[in-house]
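There are two complexes below, and they share subunit A, which is joined by subunit B in the first and by subunit C in the second.
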Partner chain A sequence: MAALWLCARHELLLAVRSRWLQWFAAVFAGLALLVASSGYILSGGHGLQDFARTAVSLVQLVLLIVPLAALVFGALTLSPDRGAAEILYAQPVPREVILAGRVFGLFLALGAAQLLGFGVAGLAVQWSAGPYGASQFLVVVALSLALTAVFVTVAAALASGEPGRRARTLGLALVVWFVAVILFDLAALGVASLLKSGAASRLLITAALVNPVDAGRTAAYLAIEGTAAFGGASLALLRFTGGGASAGAMIAASFLVWVAVPAWIAARRLGRADL
Partner chain B sequence: MIQYREFTKVFGIHRAVDALTVEVPAGAVVALLGPNGSGKTTTIKAAAGLVRPTSGEVRLGAEGRPAGDAVARRLCSFLPQRVSFPDALTGREVVNFYRRLRGLPGEATDRVMRFASLNGAGNRAVGTYSGGMTQRLGLAVAMLPDAEILLLDEPTAALDPDGLSTFDALIRSRRQAGQTVFFSSHQLGDVERLADLIVILVEGRLAATLTAGELAARLADRGVMRLRLAHAEASVLARVQAIAPQAVWAGDDLLVPGPAAARLGALDAVRAAGGVVEGLSAEEGRLDEFYRSIVGGAT
Partner chain C sequence: MRGLALLAAGLLQAAASGAPGLPPPGPPEVESRGGQVSPLQALIDRASPGDRIVVSEGTYEGDLVIDRPIALVGTGRPLLLGSGAGSVVRVRAADVSIEGFDIDGRGGGDLGQDTSGIHIDAPRARVTDCHIRQTLFGIYLREADGAVVERSRINGLPGRPPGEIGSGIHVWNTKGFRLEDNLIIEVRDGLYIQSSPGGVVRGNTARDLRYGIHYMYSDDNLFEDNTFANGDAGAAIMYSRRITFRRNRFLHNRGFASAGLLFKECDDVVADDNLIADNARGIFIEGSYRNRFRRNIVAMSDMALVIYDSSGDNVFEGNAFVGNLTPLWLVGRRTDTRFTGNYWSDQDEPDLDGDGYADRPYRLSNVFDHLRGNMTAADLFAQGLAARALGAAERAFPVLDAVPVLDERPLVRMPALPEVPPLTPADRPAAARAGAAAWPAAMALGGAFVLLAGGRSPLTRRRRDVGRRV
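Let's look at the complex of A and B:
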């Protein structure tokens, strides 16, 4: 456990000193502020939205940006550089422990950058519009951290293996992002439109659980504003599970599986790799 | 002690090491020699637990623990060929991280920083280090634990003369402490100065196991004596060729290849034939030629 925490702190320190992460924190904070004010701007008003409206507006930003950042940072950070990996993994600590520490450290770093962004936007909203809807804002923060955990472990699964394949891993990470965030929904809806009602529902329910981005979207809207903002897949899931609580539990289970399975694959790949 | 038993490693279709059976005795300094691509790095990395045998086994220590075993990794310390560390950390932060990973006390950092002559640069970011300084930092990390076995893959490749002195001191101190050092090198000087035993790999196979003295003698036997004579005379060459048949003229220089023991006789033959020697030099045999001769079975 001490070695895991040591590796996590080491990774956190490296990430904090990384200009890329500093840029990400700044850009994320700027975008969060922009989103907080854009709702009124688009409707001809001015000033910042309250927490509830900001939370709804932030969901799309989180679903788009957070998986991308986690995958790209994960691919770049966790792909073993030969000279560094050789001396690190020759230490008398199991490879899996070192990897788990590094993944956890990267999660902490990305999480801290996001919290900084949410914090800046949150302070501005609180100052401008008061605390109404703060709990819904916190749901989006939690969603952001959950997606970070999922996609950092997915990046670890892609990156673990033979050293010196960083470019390939980065390419794969971008493909995963494109599929999860953009292609998956379109494909699921397209296929569902060709199926009969029952089969289409089952497909949409599966789609809402299988893809962590969809699961996150469903969970966020469920917590923020009920079923009003639901798309077809989310609505089908809610009908299937019979209520918000069980739908939430299934989504939580989906997230846990999406952390556990890639983490297991990453550990197994690294354990078998010749470094 | 390190024991390789029929150790074979295949990467795809490339057989990097083929049925290597050799023992690195406890307390010995053993050099691993061989041309590029001969399997030296794979052999050392297998002992460090980084490369898993395709077949055969690699065992460490008196108890013969498999190299991949966590206990075996505690017995050894490893320096890779091209070590690298995060640019954003200082040298001291790097050493401290590895020290804590090994569970060593804080004074170990100061000890190795002093030894590696990195005191002046310890608080600078690794990104500002030269290749030689990074190599020294790697040496510092490798010598953090008082490990029973030290595994070093071409440790002197980027070192300046000061770094070489540091490296020599490290090896000597480990030898005095009865620890085992297994290192690969292309530097004949390192091998002659430091190694008790030399293992030669060629094309992934064990080609020879020699003492340092035996290697020096074999290289000397493949050396060339170059005599600069006042005049190139046929009679001189004929007398010398009776002793060293491969002797030839190269301008006014008489080249006498062959065993070192024959050189004195060749010199006497030159003088006896009336040759006037104006200069003399001797070159040792080259390692690459030696490897080729081993592959050709002409050891």
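Let's look at the complex of A and C:
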């Protein structure tokens, strides 16, 4: 445990010192601020754009940027390189523990960068639009951290066992991001359009729970806007899952599976890798 | 034809509410009644036409029939507590006025008998500042030409299905009525107006009910400055012509098939300067012709517009469509609805010549909307990148030209619509009101600093050692 924590802090330290993470924190904060303030501007003084809608715009940003950042940073830092990794994994500590520590450290670093962005954006919204929507805000933060956890472990699964092939890992990570963010949805919609409406509906709802990006979006919108978020589709989803609580449980389970399975794969691949 | 329509409407309504559909209602309540008679009845029986009877504070149990033209005025809000067997106050003579009473119907009575707080079956009655509760109908105007109901409040029977309760203010076969500044809660329809032309409805609020205002076969009516919220429809206008309405607010009609505005076979309606926000469907139009919508805001709906191809010659001009999930669901294969000079918040064409209008028309429909028309669950993906990608792909390669519906001159900036009533903080749904955002924001910031500082804490030396070893 101590070794795991040590590795985590080591990774956190490296990340904090890294120019890349500093840039990510700055860019994320800037984008969050931009989204938050443009959400407010859109209200045009007619009071229509409340904080919930701003949070919704933040959800879009999070769904795009956070998986990308987690995958790219994960691919870059978790690929065991010749040299440092050789020494690190030569320590008398199980490889899985070192890996878990590094993944956790990277998660902490990315999480910190995002919290910084949310903090700045949240204060801006609070200052300009008034005190509406604490719970919505927390939903977006939670979504962001959950997606980070998922995609850092996915990156670990991609990166482990490919010593010295960082570029290939990075390429794979980008493909994974593209699939998760857009191709999966397109495929689901395409297949569903060929099915009868009942089967199509089941397929789409399952798809919305299985893909972590879709699951995150679905959970966030339902939590922020209630069943208004997707109109009739929300009700179809709730009927399919058997109510709000079990829908939440399913989405949480989806996230857990997406952390656990890639973590297991990463540990297995690393265990077999010839470092 | 009319009979057929009537039948159809009756079926429709019965299907919607389980209620018996359209009257013609039965004969007015039988005046001999099992219920208790109010002690005030003796005062009325002794009064001469034109008398003013002042009733002081207190509770008066029993029902009351007013059969001569008098003014009944309460001071200190006397309570008329009905027998529970029929209408509490029955007005059976012209030119009666009632002012300043609390009226309680004890939740009893018979829908078929139109049991009401105040049942009026005579012309030119005036009801002012009465608070009516626990009645099937609040105030019933039956052939009550020139009636006025103002500054009154009606609380219906909460928790009962719409089929088992009546309307807040029910107007039947009445010409030239006026309903002003009333508050109506938890009834079937807030203001139900049937076969009654020439009315004015102004400044009322009706919420937590089925329809806020409901016109049936009532031509030439005006309603303005009202708020209708939390129902199945803000306004349901059916089989009526030449209705004008402006500066109303239609809010939070969020049920599965709810709509801010519901039009069914109504023609020549003019809708100006209304706010239609946070509804499952903003405006629903079926079988209606030559209606004009100008300078309204339709916002935050799942579908801003639902238009059946049984409609024609409708015009949308200078409206603002803001933050709707989808602008239009067209039921059928065609529409001649004309859109011009509206603002669409998801319109992203530039305005290079700077004339305030986008350089290319705005398309109200795309492949994704077509998909979602066939599959409800597709809405789950409506806000994803895939939906946008589909829309963009279709614009670039328009091979799948479903039914093009265009706004030829979309505004690039949201127009200032000063006449549209604003959404006030009190209108926000309860969920959005909870708590301040500053706390989580500050917590997030604090957490970030703690974590980042964690990377540079006094323990650094130990970690440097690790770093060196690595």
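Everything below uses one rule, namely that the second predicted complex is superposed on the first by the 256 of 275 C-alpha atoms of A that agree within 3 Å, B and C clash if a C-alpha of one lies under 4 Å from a C-alpha of the other, contacts with A are read in each partner's own complex, and residues count from 1 in each chain.
Keep in mind that, in the parts below, a contact is a pair of C-beta atoms (placed from the backbone, for glycine too) under 8 Å apart; a residue touches a chain by one contact, two chains touch by 3 or more.
Only a predicted model underlies this, so the values are computations on that prediction, with no experimental measurement involved.
**Q** Tell me the contact category for A:L235 with respect to subunit B and subunit C: first, second, both or neither.
**A** Only subunit C is touched by A:L235; subunit B is not.
**Q** Just subunit B (first), just subunit C (second), both, or neither: which does A:R17 touch?
**A** In the superposition, A:R17 touches subunit B and subunit C alike.
**Q** Just to be sure I read the superposition right, which of the two partners does A:D185 touch: subunit B = first, subunit C = second, or both, or neither?
**A** After superposition on chain A, A:D185 lies in contact with subunit C alone.
**Q** Touching A:L6 in the superposition: subunit B (first), subunit C (second), both, neither?
**A** both
**Q** Should A:Q60 be classified as contacting the first partner (subunit B), the second (subunit C), both, or neither?
**A** Touch partner of A:Q60: subunit C, not subunit B.
**Q** Would you sort A:L108 into first (subunit B), second (subunit C), both or neither based on which partner it touches?
**A** Second partner only, subunit C.
**Q** Hey, is it subunit B or subunit C that touches more of subunit A?
**A** After superposing on chain A, more of subunit A is contacted by C.
**Q** Under the stated touch criterion, which partner chain does A:S246 make contact with: subunit B (first), subunit C (second), both, or neither?
**A** Neither partner.
**Q** What is the contact status of A:D81 with respect to subunit B (first) and subunit C (second): first, second, both, or neither?
**A** A:D81 sits against subunit B, while subunit C stays out of touch.
**Q** Report for A:P92: first if it touches subunit B alone, second if subunit C alone, otherwise both or neither.
**A** After superposition on chain A, A:P92 lies in contact with subunit B alone.
**Q** Hey, what residues of subunit A end up touching subunit B and subunit C alike?
**A** Residues 6, 10, 13-14, 17, 84, 87, 91 of subunit A touch both subunit B and subunit C.
**Q** For the complex, which residues does subunit B have touching subunit A?
**A** Its residues touching subunit A are 9, 11, 45, 48-52, 70-71, 73-74, 76-86, 88-89, 93, 97-98, 100-103, 138, 141-142.
**Q** Name, in rising order, each residue of subunit A that touches subunit C in their complex.
**A** 6, 9-10, 12-17, 42, 44, 46-53, 56, 59-60, 63-64, 84, 87-88, 91, 108-109, 111-116, 118-123, 125-126, 131-138, 141, 181-182, 185-186, 188-189, 192-193, 197, 200-201, 204-205, 208, 213-214, 217-218, 221, 226-228, 230-237
**Q** What residues of subunit A sit close enough to touch subunit B in their complex?
**A** So the residues of subunit A touching subunit B come out as 2-3, 6-7, 10, 13-14, 17-18, 81-84, 86-87, 89-94, 272, 274-275.
**Q** Name, in rising order, each residue of subunit C that touches subunit A in their complex.
**A** For this pair, the touching residues of subunit C are 254, 256, 277-278, 280, 297, 299-300, 302-303, 322-323, 325, 345, 368, 371, 374-387, 389-390, 414, 417, 420, 422-425, 428-429, 431-449, 451-452, 454-456, 459-460, 462-463, 466-467, 469-470.
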